[in-house]
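What follows is chain A paired twice: with chain B in the first complex and chain C in the second.
Entry: the complex of A and B
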């Protein structure tokens, strides 16, 4: 009781700074208005009312770094990928630009709808799979490692062209079975700690778990620059880390399981803005 | 060197002394509410060690989810579970032991891990390596459980 009263007083005192924070809005470079909080998509409405970007859960300092591209350490990788975009590689003598021209024209809106169905290959494709398909089959070049720095940078370059646009992945039609599989995985407990994604990111977002402020585990900001490891991180690398932290045998990045999980987790963020490269701790 | 061999010797001595009485994870008997009446070792718990298990990231890491005035001096308290202030006043030792051994027998579907259980897991890993487990040990030893129970029992309002 005593403690509660003290906490309440502290909360009131702090409210000017703390609450101002939670209601902070993300505008990048003073011009790109990001939706970091919105009504949950219909398929999620029995579980959540609102969906929130991970940006909302980060400290003032970390939030600020994402508000200006000059302060965002992830932008260095984007610049490097812009060079890779124009670089001829592989047996066919082509670059990305040979087929797609200016990235700022051809890649607008792409990130927002991935993972998506590929008719010709009859498979659900992540952006990473599509990038590697182009490299292998159109350029005759080596595939990037699924969670490599080159891959993360190329994903970031493509994502930047969609910044501020709402994530809008399809969940029905030919992708439905994959989406269902991803949903199963999201709610399946793993490891000796016996926790699912939902245990932390649906039931406990907003709570502290030791020093970490649990977010909803959304991927609208991926790839993210993490201050902790000082590089861009892909969604599958993050999934692997979270599964490992349940003291489980993880799945492999690029596996059927993580492709399905990516589609499902992306769909939980339908309506949030594409933010990548975002900044997290 | 001398220290290590002493520790090993002490460990061996302890192991043989308590071996006969230690209840294996699969043999723990719960009552219908999930409580465990019998001590897992027959050796009285050491509350000071119990406290250190609770706050140590490498051992219980209970602090990841629980706060309490009794460890308010440690940094970063979790909020996933309830505060444990006064828990010894409203929970018996048997209830506390049951919650530690396998909290799901007390709280259906809880996110709190089972600390003395080695089977029935989905994709169990080799600690935090991400690799498949070869052989699972419980998250805490039987005596560590008794130590934590002794410490929690001492938390009275």
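Entry: the complex of A and C
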């Protein structure tokens, strides 16, 4: 027994030195306080007690990069998108700013509630769909590729305006059917490895997957700057990567399936702060 | 001038005389190595930032020769002693002859 107790203490000591500080708080630029751990939203309370931002699963060095905008490489893309926001494009002679004015005023809180129902179009829209709808129909410009660098940067610019605000995606009313479809997908096993999203991100978060920690798969930090590919990544590109890793044929980014999945996964993070652009490995 | 090149510097606005401060510099630049080929097999010409310097009141603080192996958006972080109030001047030299400049004033206090 005594030996066991000693081992347990050693394990505790070891875990604190190896893993990131469990109680660390995410404060960006010394002023924007982020919620990275909170009670699970009501619809999820059967499965999880707490929802955790992916930031908590990363190493100290990676965590630090996100705590200062100068160190966060994703902010380079935000700067580029800020220029694109003011750039006139397309047949209508308009820029984003022509209708929406200053991004810092008009886009506050937008990221926190997407994907959401669009009354006119009678569909669930992701932020990317809304950006492309504006480009195509209001500006007469070419659509961005759904997971392109331009799209990720524009999403990041819009997201930055909502940093620190809690994700608050509606799951009832007109979006409910889509949300249910997303939930079905989340729990459906796919691929030769026969894994669902839940197999890793609900049942095994915190455990190792090869050399990495599994997170809860929250998307409050998307678009995310990943150190492995040194660029901003959109949620659908990440979904595609995950499904591919189960050795399945993936859905296409922008497909009805991934839109439903994005809505569902976003709702699992209701209460966490919008962190985008976050930094992950 | 290449597209999307933007220098950024983070330096403190104030320092005590003789204090060692940390300076962070990043320039967004694609840093094309000159060793890649495009879809048709043609060599993509080299286009990198080949030199980075920092001066304080005309005195050299750091002078870096950069080579093609340095990645996109080169980032430098270094420490400098601030003996008196003055101005840090940062200069990046591009292969295409462009020179990008940025400066930061530091007060003593």
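Criterion: the second predicted complex is superposed on the first by the 264 of 281 C-alpha atoms of A that agree within 3 Å, B and C clash if a C-alpha of one lies under 4 Å from a C-alpha of the other, contacts with A are read in each partner's own complex, and residues count from 1 in each chain.
We take it that a residue touches a chain if its C-beta (ideal position, glycine included) is under 8 Å from a C-beta of that chain, and two chains touch if they have at least 3 such contacts.
Given the structure is predicted, the values throughout are model-derived calculations rather than measurements.
Judged by the touch definition given at the top, the superposed model places A:209 against chain B, while chain C stays out of reach. In the superposed pair of complexes, A:195 makes contact with chain B only, with no contact to chain C. In the overlay built on the shared chain, the residue A:176 is in contact with neither chain B nor chain C.
In the superposed model, A:59 makes contact with neither chain B nor chain C.
Of the two partner chains placed by superposition, only chain B is touched by A:244; chain C is not. Judged by the touch definition given at the top, the superposed model places A:29 against neither chain B nor chain C. Note: no residue of chain A belongs to the chain B contact set and to the chain C contact set alike, using the contact criterion stated above. Contact residues on chain B toward chain A in their complex (touch as defined above): 57, 61, 63-65, 69, 75-80, 83, 85, 111, 113-114, 121-133, 136, 139. For chain A in complex with chain B, the touching residues are 3, 188-195, 199-200, 203-204, 207-211, 214, 240, 243-250. Of all residues in chain C, those touching chain A in their complex are 4, 6, 8, 10, 24, 26, 28, 71-73. Remark: chain A residues 70-71, 73, 76, 79-80, 230 touch chain C in the complex.
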